[in-house]
Amino acid sequence: MEVTKDKHPVEELTKDPVVIDQVKRLIHIAPLEKILNVARAHSLWPFGFGLACCAIEGLMAANMPRFDLSRFGYEVMRGSPRQADVMLVCGTVTHKAAPFVVRLYEQMSEPKWVIAMGSCAISGGPFVDSYHVVPGVDKLIPVDAYIPGCPPRPEAVIDGWLMVKEKILNPKVVSKVRG
Amino acid sequence: MKTQTYSLNLGPQHPSTHGVFRIILELDGETVVKATPVPGYLHRGIEKLAEARTYTQVIPYTDRMDYLAGMLMNWGYVQAVEKLMGIEVPERAEYIRVIVGELSRIASHMIATGAYGGDIGALTAFTYTFRDREYCIDLLEMVSGSRMTFSYFRVGGVADDLPGEFYPAARKFLADLPGMCDEYDGLITGNEIFQARTKHVGVITPEMGINYSLSGPTLRGSGVNYDLRKVRPYSVYDRLNFEVPLGKNGDCFDRFRIRIEEMRQCGKIIQQALDQIPEGSIQAKVPKVIKPPVGDAYAEVESSKGVYGCYLVSDGSPKPYRVHFRRPSFINLGYLAKLCEGWKIADVIAILGSIDIVLGEVDC
Amino acid sequence: MLSDWGAVFIFFAVALAFGAGGIVTSFLIHPRRPTAAKLTTYECGVDTIGPTWVQFKTSYFLYALLFVIFDVETIYLYPWAVKFQSLGLFAFIEMIIFLFILIVGLWYAWKEGALEWK
Amino acid sequence: MADYSIPADLMEALKNKFPGLEIQENRDVIVPAADLIPFMSEIKDNQDYAMDFLTNLTGADYKDRFEMVYNLVSMTHGYTLMVKVRIEDKEKPEIPSLCPIWGGANWQEREIYDLMGIVFTGYTGHPTRIFLDDNFQGHPLRKDFQWQGGREA
């Protein structure tokens, strides 16, 4: 997502700094993208893309009564990439599955995000030495949030979702070192 | 008017394939003319990786195969190593293995029940079964510290003892279990839409089931009484009495119904095991570095999907020379191609759901 | 006289605006980045196999046709059902005849096997 | 563990019907590749053994030979039997397929061909890969298989 520039339109009208500061303080023209981002961040539609064990924790357990992802508004699980916002890659990406992982990512409509869940999706995990495993899904598609664990607990998955929300609301948060 | 058949991908990315499993369906309208299953999208080469690991390091790979019943996977592998080395597992460890194994079976059957309800369209069933599975997973987490990939078994015993608060929590869970199973019966089994969609669909005859080496609820749904815990009792199963539920006409409905029955029987088994568990050590005398004698061994365990076997070849070094896992989900799928012919697309999803496959185990 | 129809018209306009509004605003503001890969057909993540424009069975068409007929029939039933008491016996008989004609049509379709899925 | 193997007298009957048989001390049976099919159909059809359930079918790659391992169970009598077959020819390993006898052998044989490279003759549809792509070079479970893992040094 390109970062919108913070130029205020009043700067074309006058060069007087005092006026510009007052107008900037009073009239806050949020670009349309920022408003949409607030709406998007609070109702992301996950793309149910269960590969292996993490799918049970990330797609199923996190959505079910005890951990209840719908408290955050992310429970609408879509089966097709056309209607999904976030691609939750949970499980091991193998060489045979790599082409259709990339294809599904490309078939998703903008704006789209990717969460790599579990050590298999992050770096190949326990199967990194295998002849048939892609060591990390970020070798195929750009990833926005990584959730370590094998499998990560549903609470960690929810924390991953909140990281993506944080990233959507103010993109500069990416550069801030967390924790 | 002659109609052309067309090919459709019930593809790797599909809500009802329980993971990345692909069936190329040749369809004439709605009816399946030919079905070609294509597994392999999750093939991680566990058997090749196991050859480069020591005997104890292979244990975490086993419960990433059938990640719904991790304990039973550990059991199959560990039993093969013990048979190869001729180790006698102490009494208490055997009882602990039965308790956590049956708990893992309950958790696996709960997902199978909920997912099958979801496949047929009863999405709320999934919520109920998962809510109860969380209680079952709490018990297993109390014992092993992890929710799904336990790696709790060791060659010659188990990692550590049952914690003190496990017994009251387990008894409370066992008291609620029959109520949970009645709830699933009332919610799913009794639903006539569910029955209309699953009765007399995907019928497996006993002869075909045996000929195609099917096992577990898939085979017992056709009335074949083949449950390793009864046919060749291993561990302490010969001291526990329980019945093996059998189906009558081998259709999707029977395969589904006996899974709920099996959950009730698991409750009875755990009850008896909790009553009879003796005191004592939980780990046999095993050398620090496990070097089995040269030779091979094959041992089998009844996992929630069927007979789970492990064939081990040792050349005396601390690393296994060859490890082969007999995976029930993989072999149960061998019959899917013939089973789906002639049924409609919706029935194919019902049949695939009733065989209850887990892709980590199919592709190994 | 006009005001009565005016109310109906306003109701219709609001309904139209509500529906079309959502579509138009989303059309205006959603980002458009059509890439070649994005426009390929989605079939579970893999390429389609074989020709997809095939002659398929007529039962799809017959089912849709029967549904449309009986859907239209229920539209006619609604106004009648609303004014059921005040219309009296004559309208009741009239509607029964109308229903009977359609039931005969359904019976014929059923006998001819339009509903079975061969 | 109770002993579920075939009793001695039935084993003797097999021995003299198939002279090439070699019975190990733990009652595993080594069958020469030539009369694998007759042996297997004998123990399946002959009601004394009634080995109608093929539990496991796998292969192992040793230095001087390949070895196929079949585990069989008799549903009626409850016997279990492990049958081994040695394939001396390492360059072109071939063995008759058991699919005509047990349908369950189909996928397991395709898996062994895919990962080990042992060709199963006498059945249409073999040998085809089941897990890996058709253009995958080599058979991973062979000891001489070279591959490049994902671990950055």
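Each chain gets a letter, A, B, C and D, in the order it is written, and its residues are counted from 1.
Here is the rule we go by: contacts are C-beta pairs under 8 Å (C-beta built on N, C-alpha and C of every residue); 3 or more make two chains touch, one makes a residue touch a chain.
If you're wondering where the values come from, they're calculated on a predicted model, not measured in any experiment.
Looking at the partners of chain B and chain D together, the chains they share are A. Centroid analysis (C-alpha atoms only) places D farthest from chain A. The most centrally placed chain, judged by C-alpha centroids, is B.
Of the two chain pairs examined here, A-B and B-C, the one linked by more C-beta pairs in contact is A-B. Centre-to-centre, using mean CA coordinates, chain A is 34 Å away from chain B. Averaged Cα coordinates give chain B a centre that lies 45 Å from the centre of chain C. One finds 49 Å separating the Cα centroids of chain A and chain D. Between the CA-based centres of chain A and chain C the separation comes to 38 Å, rounded to the whole angstrom.
Multi-chain contact residues of chain C (touching two or more other chains): 45-46.
Residue numbers of chain A whose C-beta contacts span two or more other chains: 96, 100, 104, 129-133. Under the contact definition stated at the top, the residues of chain D that touch 2 or more other chains are 131-132, 140, 145. Viewed as a network of touching protein chains, the structure does not reduce to a path, ring, star or complete graph. Contacting chain pairs in the structure are A-B, A-C, A-D, B-C, B-D.
The touching residues of chain C, when paired with chain A in their complex, are 29-31, 33, 35, 37-38, 40, 42, 45-46. For chain D in complex with chain B, the residues that touch the partner chain are 1-2, 4, 52-56, 58, 60-61, 69, 71, 75, 78, 80, 82, 102-108, 111, 115, 129-132, 140-141, 145.
For chain B in complex with chain C, the touching residues are 1-14, 22, 24, 28-30, 344. For chain A in complex with chain B, the touching residues are 48-53, 55-57, 60-61, 64-66, 79, 91-92, 94, 96-97, 100, 104, 126-127, 129-133, 150-151, 153. On chain B, the positions that touch chain A within their shared complex are 11-15, 19-20, 40-46, 48-49, 52, 60-61, 64, 67-68, 111, 126-127, 130-131, 134, 147-149, 359-360.
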